[in-house]
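The two complexes that follow have subunit A in common; it is paired with subunit B in the first and with subunit C in the second.
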Partner chain A sequence: MTGWHAPDDLVTRYADDALPEPDAWSLEKHLEECGSCATRVSRAVRETAAGAVLVDVRTAVLAAAPVPAPARRVSNARLWSPRVFLPSSRPRLARVLWAAGPAVRGAWPAAVLLVALGAVALAHAGGFDGTRPLLLAVAPVVPVAGVALSYGAHADPLHEIVTATPSGGLRLVLTRTAAVLAVSLPLLTLAGLLLPASGAPGAAAWLLPGLALTSASLALGSYVGCRTATAVIAGGWLCAVPARALAAHGGHPTARLAEQLSRCLDGAPAQGAWAAAATLCVALLVARRATFDHGEQR
Partner chain B sequence: MTGLRVRHRRTTALDGVDLAFGPGVHGLLGPNAAGKTSLIRVLATVAAPSDGRVEILGEDVGDHRRRGRVRGRLGYLPQEFGYYPGFTVREFVSYVAWLKEMPATATPAAVERAVARVGLTDRIDAKIRTLSGGMIRRVGIAQAVVNEPHILLFDEPTAGLDPEQRVEFRALLRRLGADATVIVSTHLVEDVAAACTEVTLVDAGQIAYRGTPGSLAALGGSEDGSGDSAIERGFMAALRAHRAPSAAREVSP
Partner chain C sequence: MGGHREKDTDAALLRAVADGDSTAMAALYDRHAGWLHMRLARRCGDAEAVREVLQDTFVTVWRSAAAHRGEEVGGWLWTIAARRLVDARRAQERTARIETSPMDAIRVEHESSVAAPSTEERVLARLEFGDVGTALDRISPELRDVLRATVVDGLTTRETARLLGIPEGTVKSRAMRARAELRSALAHLSPTPLGGPA
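This part shows the complex of A and B:
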């Protein structure tokens, strides 16, 4: 530049809006390139009547702009806006439900509760003494059904969007599965404890098979998608245990079911085999974790 | 921001496509089933290419960890936009912000900003199932922009919007394109003419034409082919030019 700077009287006249237009334009052109003159002009303008208006505008803009300040200040400010405050009053609960996924928010927990209460009611009010074997035969399939309703293009309307986020993939699958297990394991085991044994294995005997079937569904799901995998695994269990027991001859059906369940669930070898199967499926799932990174196509 | 480089070869839907996108609004134009959705899904990291390399924001998305980093800076509106009908607009957009791992303290303000951008502030606490189709689409746009993404992918975003909303959406596109790479797939030529800085014509899994809306219109300007506007005629001319050599190949064995 030439080294020219705006003389003080020019600056004052500009601030007072007393400068002819061509002179104002050439000064503005100079201000675009000269920081020190721009500072002087700003100071001069602030001292005029326009200064107060500028302060007001600045305050209004800052108040309207989102505050990147510490969290506490933001939430204090939000206290004054009831419309904004309402949904954030229960953010933790909302987050737990978000993590739990569609199954736990939907009709599935009600179905689990119905199975548990139904079994207890049938045993105590109805006097039917074969409820423990029935419950044990159905219980391992309940978390598998929960998984089917939790993840995949068919269960989650948001699947496509979820997959494109950093949370998508195996981590979300496991979070949702954990939520499903957290609801179904205690509820069904508790219900089993309240039922007469009637020759069936213990109320907790289904836990390892339940885990094994759930992890098998997920591992198989990495190949064929969640819906097909859960259908195959649940169908496989229902065919192998209750259906076979009911199709067999001799004795009362519930007695046959109890006997079949004892073969599958009772004793260290059976439980050890279920534990091994669960471990194997989890290992396979971890090995194939990258497949959950991409979306299922409907 | 680094641009976006895509090489994607020999899949069923896309065949040996090489593309690079920089900041601005890019229209992905083509007939139905041309491979637009396949391309968008690959760019959204939802589908893996069977061959080739995709690089977004300088990161190779074939790599698991890098893919996670890219996804945090991505916004995606799929063609079939699914939602939880029982959620309010605010809950839904917050949920997506949570999935995108935005800091919890910044989320409420970001959600309100995103909803304001699509003009739904007065319905922010309404349940999504009570909204009209066009409003639901706008909720979809809000969830895509909530994290101020560097890359925005819209698959047929103007479907279901009425003409007035389409005009508003195009203005939003232009604003978004000022500092992000916005890729919009559409089969509506007028969307591209009004909002895009660059056009990529996709046909039968291949790139048929690349240029600006102006150059596409110029292509059809001189001819008196089918189409109601210069750019529509340009679109038809570019498609014919692309199909002509392959048609000739099919005839001669």
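This part shows the complex of A and C:
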């Protein structure tokens, strides 16, 4: 900065392209660091024939303004649930639910609600006292079904693309499973508490088996895919507990169910075994986490 | 247009442009687009190419404003514009090479890149301006173009070669010759160290 500024005559002649090279050069160098001379020269050039071009380019440049930054914030949620674009104007809670996976926003939560409300209604309005064993028999399968609807090629149309994103793979599976558990665990346990005991184990007794079955589904899912795994696990539970109880002879069906459930769920040894099974499945899942990065085999 | 923005410094405008502020971009454009257009037009005879380079330059500013680090904004803008001009030249040369023979392409391009002042102006300049100006006017237009690209516009040898459509080796040899001729022309103009008339 020298305090020198281009005389008006120099500015006009430069704008009219009538300045010899050496003087043009020195003026150009000056314009690189003098805003006020730059403004004067630019104004002078605007008044020449180049003015029309400058106006055109100005319009084009302003039209090329980048999209405002807030639009970018949605993209993380969109990675999780690529099916529907959600404008950022929706409430935050809705976006979180949307991002939590296909199961939580589909028919599954309605089914969970129906199971819980149906059990309560059956017990209190219908006077049927065997609802808690029934609920306990069905409850461990509910989160497994939620997992089946959350992940995999059949549940998510953009499954392969989602898998290729940094937040895909095991992280995505666990996020969606957590969402499923967050909905089903409190709802079903609460419903169980509202039911008469009628010889069945406590309302919270299904929690560890539920967790064990869910983690078993995920671990098995790393071998055979989520849908098959959940079908095998849920089917296995239904065959092992309620079906066997109903097929057995002697006594009232609900009493037999309650008895069978007590054998499976009650007491420290049974709960300890479920906890051990859950831990084992989680360990297996962690060991096989890489398989979720490649999408699932069909 | 630009309203209150007109008083803002270039750096403040660039910060606002980085946040996507259109009025800041309008003010920045009004301040610099005119002289950039003139400077580009003096280096490229193709009006359409100049227009495209100018537009590219400011569209790049939208993206790169956040990367600006304290240097003079005018010089920073010119650096972007000069690089864009070199790129445009390279693309143009590629098309020209397909349409015409290489020698023709170079000649055509070279003719268009020289902004030739009229004889009258040359004479006027020689009368009016100092020794360096006169000396620069004495060296050939080819050498002057190389000097302008390397010294004034701050391009590298490779970029100069692309801009002028000549091999890199030629740029180097011309730059050396330009310096030598300038030195001898200055010596010829003022043979004594005191600068008395010859």
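One rule holds for everything that comes next: the second predicted complex is superposed on the first by the 209 of 298 C-alpha atoms of A that agree within 3 Å, B and C clash if a C-alpha of one lies under 4 Å from a C-alpha of the other, contacts with A are read in each partner's own complex, and residues count from 1 in each chain.
The working rule: a residue touches a chain if its C-beta (ideal position, glycine included) is under 8 Å from a C-beta of that chain, and two chains touch if they have at least 3 such contacts.
These numbers come from a predicted model, not from an experiment.
*Asks:* With the two structures laid over each other on chain A, which partner does A:A38 touch: subunit B (first), subunit C (second), both, or neither?
*Replies:* Touch status of A:A38: second partner only.
*Asks:* Considering only touches as defined above, state whether A:K29 meets subunit B (first), subunit C (second), both or neither.
*Replies:* Second partner only.
*Asks:* Once the structures are superposed on A, label A:L54 by its partner contacts, choosing first (subunit B), second (subunit C), both or neither.
*Replies:* second
*Asks:* After the superposition on A, what does A:E160 contact: first (subunit B), second (subunit C), both or neither?
*Replies:* first
*Asks:* Who does A:P269 touch here: subunit B (first), subunit C (second), both, or neither?
*Replies:* So A:P269 meets neither subunit B nor subunit C here.
*Asks:* After superposition on the shared chain, which partner residues are touched by A:G3: those of subunit B (first), subunit C (second), both, or neither?
*Replies:* neither
*Asks:* When the two structures are overlaid on chain A, which partner does A:A94 contact: first (subunit B), second (subunit C), both, or neither?
*Replies:* It touches subunit B, and subunit C stays clear.
*Asks:* If I apply the document's touch criterion, which positions on subunit A are contacted by subunit B in one structure and by subunit C in the other?
*Replies:* Dual-contact residues (subunit A): 66-68.
*Asks:* So in the complex, the part of subunit C that touches subunit A is made up of which residues?
*Replies:* Going through subunit C, the ones touching subunit A are 9-10, 19-20, 22, 25-26, 29-35, 37-39, 41-42, 47, 51, 54-55, 58-59, 62-63, 72-75, 78, 115, 117, 121-122, 124-125, 129, 132-133, 136-137, 144, 148, 152.
*Asks:* In the complex formed with subunit A, which residues of subunit B make contact?
*Replies:* Touching subunit A: residues 41, 44-48, 64, 67-69, 71-72, 74, 76, 78, 80-84, 88, 90-91, 94-96, 98-101, 104-106, 108-110, 112-113, 125, 143 of subunit B.
*Asks:* Spell out the part of subunit A that touches subunit C in their complex, as residue ranges.
*Replies:* That would be residues 14-15, 17-18, 20-25, 28-29, 31-35, 38-39, 41-46, 50, 53-54, 56-58, 60-62, 64-69 of subunit A.
*Asks:* What part of subunit A is in contact with subunit B in the complex they form?
*Replies:* Per the stated touch rule, the residues are 66-68, 71, 74, 78, 83-84, 86-88, 91, 94-95, 98, 102, 105, 156-168, 290, 293-295, 297.
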